[in-house]
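Each of the next two complexes has chain A plus one more chain, namely chain B in the first and chain C in the second.
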Partner chain A sequence: MSLWSWWVAHLMKSKARGWKLFLKTVIARAYPRVIAQQREKSWIFFDVFLPMLAVSAYVFIYRAIGAPEDYVGFVVLGGAMTAFWLNVLWSMSTQFYWEKETGNLSLFIMAPAPKMAILLGMALGGMVATSLRAGTIIIVGSFLFRVRYSVFNPPLLAVVFILTLVALYGLGMMNASLFLLWGREAWHLASLAQEPIYLLSGFYFPIKSLGFWVAVLASLIPLTLGLDAMRQLLFPSGSALGFLNVYLEVAGLAVLSVIFLAAARFLLNYMERKAISEGRLLEIQR
Partner chain B sequence: MKGRLLSAWRAFWIATWLGWQIESNWTDPLLFAIYSIIKPIASAAILVVMYGVITGGKFREPIFPYIYLGNAFYIYVGSVMTGISWAVIDDREHSRTLKYIYVAPVRIYLYWLGRGVARFLIGTFAVLVTIVSGVLFLRLPINPGQVNWPLFFASWGLGVVMLALLGLILANVSLLVAHHFFLIGEAVAGALYLFSGAVFPLEVLPSWLRPVGFIMPITYWLELIRRSLLGESTIAFPTLASFSNFELLGILLGLSALFGTNAMLSFKLCDSLARERGLIDHTTNY
Partner chain C sequence: MPGDLAIKTENLWRIYTVQGKRREPRKEVIALRDVNLEIPRGELFGLLGPNGAGKTTLIKILTTLLAPTSGRAWVAGFDVVHESHKIRPLINMVSGGETSGYGLLTVRENLWMFAQFYGIPSSEANRRIEELLRRVGLAEWMHAKVSQLSTGMRQKMNVVRGFLTEPEILFLDEPTLGLDVNAARQIRQLIKEWLAEHPNRTILLTTHYMQEADELCDRVAIIDQGRIVACDSPAALKQRLQREAIFELDITYPNDLAPRSLEAISGVRRALVSETDTGAKLDLVLEEESVLAEVIHVLSTHSIQVRRLTKREPTLEDVFVELVGRPFDEE
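Right after this comes the complex of A and B.
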């Protein structure tokens, strides 16, 4: 028995309440996210390989049109962050929809565990598992395309990265409740939120290029501010191409984190009540 | 003979109808139309912004229509090729109807090809909208009076058949793999995007990777499409400049025949293995 299995089994046996129950649930839900994804080795390959293909294509486009080398770094960083966006879309936002389709959702609702802890566990597990993939994309991409970084302020960079993830997964937790009410639309809406978000959030180019007001609107998606701030802190030309001052972007991310997490809590309770009253928890639309 | 043809046509037609229902009836027609064009338009817009940022908006340079048209017609690769292979996973894992289709008196590969038609139609709509947008807003140099229409329709038709055959090969492989969900189609489409010179001339690739592009039929197909729509300006790129249109058509025809043979042979092999291993109704709940 692995240490993780022992730890989870130990927590499950104890009759915890309050914050202990909350913690137990978080760990129990994060566990399969971290462990199961590493068990299916082919997923790790595809999770790294697919974004690398897109990253490579965008790098070669920039090279074909003679872009400065910093743009290659922008693409590698953007490509790594797509791993987080895809995880939030397909493994957070749509998760309750999947659970409903496979019949697990009613078990979640019946269990004495706090639903917010289930979402938090999914988010933490997803963050850890996806960080490994994003890190691999950064390392492989930087090595293949000889990306040069100039890290100006490592502590601030760490703060930006963590706040970006908190706000992003907060958004995912909020969306999970919304997606609960959808049937087959959930799949299509998640699919729709890929390329348009890559465009709006400036995954492969400085968001400033889209104009001030579009960038302001796009800042509602945490990756917009997060990516822009990280570029400013990682690349020599980053600050010249940046949208806002980094500290302002950090403040924006902090505000988004609070709003999304609070909204997630409110919507989760609201949607659960609504789904129960409308009899949608067991509804499966194939 | 006539009875067989009628039976084959009926299977193909019913699969086409079913595919269309699955793809489109989750929402109302207007929302479906918007959904169908937003993704491809966003993909094209990413490239347009990247190009515009670096070149300062020089959309009249020959490289821009090269990138734009390659990306626009690449929509077919995702829709036709991935659409056909996706039908296997969708029927087996999601609808769980593959076993019923297997016991029905239909030729299964005709059924899969039929399932791909819906995505082909949606893809055609997206390609049209992307190109018309390019002509209207970015002054893409396509003059209907100067387009080589016979070459365009010949290469377009041959290309669609070639993509359907590639999709059939992927469908055959999908029969044997239960754990990879939709990743096979995406991985192959991503690799082809990178190696077929869809959005940058093959000369940009490292020399050791270029041969991969030369064995891909999509490379020749996209070159023929560009030549037929843009005329002389495509000669600015030396990749396939030494080949005449007729030679390119011949290569595309030869490679399509090769893939067609491969599709039928791999179907026999994969179908037999899937039956032997009990994979026809295998579900993973991923």
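Right after this comes the complex of A and C.
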């Protein structure tokens, strides 16, 4: 065997380490969400049709009371972003609970892969898969209710959208780390958080209506600032109904992204150590 | 820790604190008591014990998933608490009845995903997946969704996952649990072949199937209530009972006969009665064969008929009963 062919064979078999292992893990953990989740066609009913019913209800109310037409667009956008919130709540925050139930969690922890890469893979896969659902809601909703958009600053809109997702999934990663120790409590907490966030983040109405201080408090949830900024950049009356200046909201989202991602990393390490020490990584709790 | 040891434990204890019923104080459950083990590289080491004996707890500690309450353990020369990141690339684990993986992924995709967590290049992972699936008779199901697999097939997939990363030390926790005879045989065959191909690799196997331990293991530790009660080769363990005579009797149902009355007979070391569909089975360990006549006499005075009498070689189950003082399946 020549030196060259030995080297090629060695390279083909050698295990990746460092950032290569990190990247491989992110892609591998994202794979089930990006590819496999589309195989279950029921998502069209549960993730598109059912949310469209809630969107329709608000559209009919706004039209019945003669609200400005931009409100219809607000609702369709809110409905699309609901998909991300539900994904973060049920497929990110509580994910380690399900992984523990199926026995995957102990295999993840035992593998040499960085745990942060597994979390990031979950988040990235969730973002991609949910973008498909959210996009479908936007397209169907816009077509059904004849929504008209006026995109003022496409690059800024893209920045706001990406930052919103980063901050939102950062929150999901932080919660996932936090819930590593818990069992069914995580599931109950997610149930508890679902509806209040619909209200506090202004999924179906401008957040400004809640008053300044409530809106400030609600801004701890990235969707609040993200939705408000996107509405300002997509609809003519958006800026008049907006809560804060868009650039201020972008800065807020950037800060939230950094805080949530750093907290996720710290909590994941802390909770892993604690779970190993208390014996709570085991599928069967003693 | 010497370099030729794959696993070493030193005075290992694990105590769980569990919440009792409402208003009851928390109580402590001792899962492992002062466990000391040394397993050289290249050995297939069996950990034999009934459910709840502490086998899984020990495996979880050695696979860095659980911290010991006290004592120390080393795997491949690294401390399980302080050097877990050095141990993880070198080990893998398969548990019986595990439901890991994702039902919507195919068998190949699931295995590829886990291979990526170990940094194995995709082309190499796919080659190994094909080969290992062929060896356990699952190649035809490679592109089937995991949700379509039977329990046995899923367990075979899990076993493949364990071997896929070519670990230096492999932990098999009841790998044939609940499998049919054929599937269990295929897995045992793979274990033997893998060790023959990689003589420097180590397997720690936990099982409560005595025959499996007897067939596969170089050495066996018998664990009961968290304590290692014996550790030796299966042959040496059975040798302890070799000087005794072991009989198995099929008898009619013994209405008013307690095993203690048989054990009261001089020369009877152990008498165990268990119900069968047609009557009962009497397991006897006698100091010498001549004691059998007296036992049969006692049975006849209780109107118990002997339908069949077999003299047999000692098994690991006999060793367990001898050491622990109760049958294996009686917790």
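Simple rule for what comes next: the second predicted complex is superposed on the first by the 266 of 286 C-alpha atoms of A that agree within 3 Å, B and C clash if a C-alpha of one lies under 4 Å from a C-alpha of the other, contacts with A are read in each partner's own complex, and residues count from 1 in each chain.
Just so it is clear, a contact is a pair of C-beta atoms (placed from the backbone, for glycine too) under 8 Å apart; a residue touches a chain by one contact, two chains touch by 3 or more.
It should be emphasised that the depicted structure is a prediction, and the values quoted were computed from it without experimental measurement.
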item: Joint occupancy of chain A by chain B and chain C, clash or fit; value: fit
item: Touched partner set for A:Tyr58, first chain B, second chain C, both or neither; value: first
item: First, second, both or neither for A:Val128, with chain B first and chain C second; value: neither
item: First, second, both or neither for A:Thr102, with chain B first and chain C second; value: both
item: Partner chain in contact with A:Leu50 - chain B first, chain C second, else both or neither; value: first
item: Touching partner for A:Arg17 - first (chain B), second (chain C), both, neither; value: second
item: Touched partner set for A:Ala240, first chain B, second chain C, both or neither; value: neither
item: Which superposed partner A:Leu248 touches (first chain B, second chain C, both, neither); value: neither
item: Touching partner for A:Tyr71 - first (chain B), second (chain C), both, neither; value: first
item: First (chain B), second (chain C), both or neither touched by A:Glu195; value: first
item: Superposed arrangement (fit on chain A Cα atoms) - minimum chain B/chain C Cα distance in Å; value: 6
item: Residues on chain A lying within both footprints (that of chain B and that of chain C); value: 40, 102, 286
item: Interfacial residue positions of chain B with respect to chain A in the complex; value: 26-27, 35, 38-40, 42-43, 45-47, 49-55, 63, 67, 94-96, 179-180, 183, 186-187, 190-191, 193-194, 198-201, 204-205, 285
item: Chain A residues touching chain C - in the complex, by the definition given at the top; value: 11-17, 20-21, 24-25, 27-29, 31-32, 35-37, 39-40, 102-104, 106-113, 118, 276-277, 279, 281-282, 286
item: Interfacial residue positions of chain C with respect to chain A in the complex; value: 14, 16, 18, 29, 31, 60, 63-67, 85, 88-89, 91-93, 95, 98-102, 104-105, 109, 112-114, 116-121, 123-124, 145
item: Residues of chain A that touch chain B when the two form their complex; value: 40, 42-43, 46, 49-50, 53-54, 56-58, 60-67, 71, 102, 183-185, 188, 191-192, 194-196, 198-199, 203-206, 209-210, 286
